């Protein structure tokens, strides 16, 4: 199963390296979401306060598109079905695709968080840095798992372009909230202390564990209609 | 090339494929309406019949890809509904789609599909060479291939597996004359080595000369054509 | 035979008819108590009467979604894979969406009267909206097509995940200090409500529960008939297809 | 050409009517986008001020997915190429798809704007109502044209799932701003007067005209590589 | 069924298809490397050749779907690069994809494709009937069709047009025996009515008996096989 996961993840990452979609398209897109939103808000004071929320909002919207792409690869020529027909372990497929997705998300988040640290001159202390990294990892695991699970569910359906965001958006709300609050305290936004951030990690951890376990178990039955 | 699975050697079952009165319903339509067919080891069975008769559905049913509403189907003595995962490990299916990743090269695709089922790199190289994919083509991304070259890649991925039961849905489609001959000789060799092969095809001359038996699928049922009862 | 089929084709039974009568009587009772018998609230005035629909609506939506989750679990857990569980899950989710809708509408009307706005981005309100949309997504997945068991499997997984949002909605008022009323009845705060008001609230809950059960029975049977229709259609289609084969 | 446009639009709308994607998936999704953004902000004072912005932000995100779906229909089985090969007038294709897209968007906006009028108790005067409807129409024409143009451009490309949002988001920024400001003044948000809204319509009109003309002319060359 | 365009009647050109030393480059690869071919009115030309030789590319070049790097190609006296739109109005192409909308029914698809080129509803009904799509099938959504039924739908959409030049890329693929015969008789009738037909195919027996001439495409060039020079 782990070998399968490795094969699948390697395949997805190789395709990504070759097409550079994250670097050339998703990261600029996420940056744009942040900028657009800043436009809609149009107030510096407010912006500085909501920067952490924007980072995670942009990440979540990017997840929608990355997941769509990740499963478009599998369905355009019937590869997902071929994987099923070949008896490839669905848990391995799930883990592999989650792993590849998580790797791509980490890269995206590094850029977004990094940029907002610089842009908003957030004074991140050492402990804030640890909090930030932990937040990013937990949030990523959660997002990648739920993205893969629902991406697989929507993959065969018609209207999947619109079904996927409908299914994904409401479930990732806890990640948005938890990661935003944790990031705020890591940044010290609104004078929140770093220590206040840790409890939010509990939420993120529960989400990550829940969806990676449910995903690993349920991916097979869901995809294998 | 073909590994005979333990179950096969133990002789726990009578037929490699044993489909009995199978009904498969696709969106309220009985794509299979009580189909029965048995296939034995080493046979190459040609399935022909009108468009929409249920050939594709029958092959997919043997791989556990469509839910069986009534009747039962077993492959190598394993029930395709309840022991689906075990069935699939012994089955190699090529359908109307090729299942290739267009951003990966030919070699990478064949290697990917080979490695998901644990084929050795020697087997993979042989498979590519047998389907005429060595040389210039092997490093081309699949996106740049012609239709027939893609089909060859998909077939090579299939050949790299050591399936006991080969389910081939119009495998010749898109292949050139030489490719057809190559494919036929691969299939004959596999059958001689103990594999069992089912081929759905409309090219009766070509596939008929390959097959050891010919059955027709008509309106969701299997009817015999030649060489004994279905 | 014909009479049996004819009787199968309606979703009512003597029991549901009785239940329906009791429910309607309960609604009348609730309206009389809610609108006329109970006093106005000290703080909220007459507007408090909305509560008798708002709160039972929310709670019954919870109940419906929990029933959906439980029967989905039963579907997955039982070896028989009985579609009855799946149909109960689907019917319950539909009714839950309806009740959640009632709660959202009454809540925002109430908000208009007490907070001066139909909607604010309050944690309780927002999470309620999430829950509502989640089950719309659930119903969308149920309509994706495929066989009945495909539908059941997909939606069962979703139902088990979606139900986890309920605690989020319930505790949202405590996690984020919210504008919305804290859990004053089901919470551990002292109940400070007037006895008659509390009684009417519970009456509302009971009436809504009766309504839920009544609708669930009918809807579940309607879904069964729909599925049955597919199956009898199958026998006819099978026969047709077999003769087709015989001809050619 | 107009006959072609009619045929294409009728086909797209028939598919939509049959699959009900707008009603069942996109409208709930758009509602969620509004809620999610609002939640990331988490400040009542700010929120009430930016409500009109949220309506248009949600519309724009929905456009991304509707366009993706609209062109997925054309490309999964090579229909777009078949249209080219059949010598169907590209201008007709553009107009037809734009028309269908605009119809779907108007339905979406009616719901979103209607909901926010109610939710924010916007006291829309008669002149405000006229402003609102004009804004919606102009914005829709602009969004539908630019969506169709870029959707067609991305249709054949690989990584189109991520390319399309990247291309679309920056160009629709003017629509976001113009429509938001016009809606604000129609709603009377921040005490802005209705009369202040009209100048923004100029922006929207320019955008709509520009992209429908450019689209009609450039669609052929862009799609016909 | 086939309308003879004004240009054809005026006799402004020598050959319906006139391809001269055409080079087509796909992603740095010369898919056509100086191909030359002329086809006259009423001919049915079979193109065969190994996978990746350039058959698909040649057909697409005749419909102005790929850029011509060197040489020139004209159809009905119209240059395919500069007068592309005029060319396409007279050309009917069926490629490896079917170009169908899976949410629409068979009848709606054929009607859609017919109406984009102004076919009358009688023509559309005839086309569907000729491809065996009347009856139960006509109201089924394409998503529910088998592979061969889809191909039939695509062919009916093509037949509903009144093309002067038919470019068919493996049209028989997926069709059952009866469908092949129906297609062949449609093509023969069209050719007899003045249409010109080019068929790329690997099924030499089938397509060979249909064709009035057979040429091979090898490594991006056209080489004659039988019946006069290419």
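Residue numbering begins at 1 within each chain, and the chains themselves are lettered A, B, C, D and E in the order written.
We take it that a contact is a pair of C-beta atoms (placed from the backbone, for glycine too) under 8 Å apart; a residue touches a chain by one contact, two chains touch by 3 or more.
A quick note: this is a predicted structure, and the numbers were derived from the prediction, not measured.
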item	value
Where subunit B and subunit D overlap in contact partners, by chain label	A, C, E
Chain pair showing more contacts of the two, C-D and A-E	C-D
Chain whose average C-alpha position is farthest from subunit A's own	E
Longest centre-to-centre distance from subunit C, chain (CA-based)	E
Whole-Å gap between the CA centroids of subunit A and subunit C	32
Subunit A-subunit D separation of Cα centroids, rounded to whole Å	26
Chain centre separation (subunit B, subunit C; CA means) in Å	47
Residues within subunit A bordering two or more other chains	19, 76, 158, 163, 166, 169-170, 173, 225
Touching two or more other chains - residues of subunit E	96, 102-103
Residues of subunit C whose C-beta touches two or more other chains	130, 133, 136-137, 140, 146-147, 150
Those chain pairs that satisfy the touch definition	A-B, A-C, A-D, A-E, B-C, B-D, B-E, C-D, D-E
List of subunit E residues in touch with subunit A within their complex	102-103, 143
Complex interface listing, subunit A residues touching subunit D	19, 21, 25-26, 28-29, 32-33, 36-37, 39-41, 43, 46, 49-50, 53-54, 56-57, 60-61, 65-66, 68-69, 72, 76, 158-159, 161-163, 165-166, 169-170, 173, 176-177, 180
Footprint of subunit E on subunit D - complex, ascending	4, 7-8, 11, 14-15, 18-19, 73, 76-79, 81-89, 224-225
Subunit B partner contacts - residues on subunit C that touch it in the complex	145-147, 149-150, 230, 233-234, 237-238, 241-242, 244-245, 248
Residue ranges of subunit B in contact with subunit A within the complex	63, 65, 67, 84-89, 91-93, 95-104, 108, 112-113, 115-117, 161
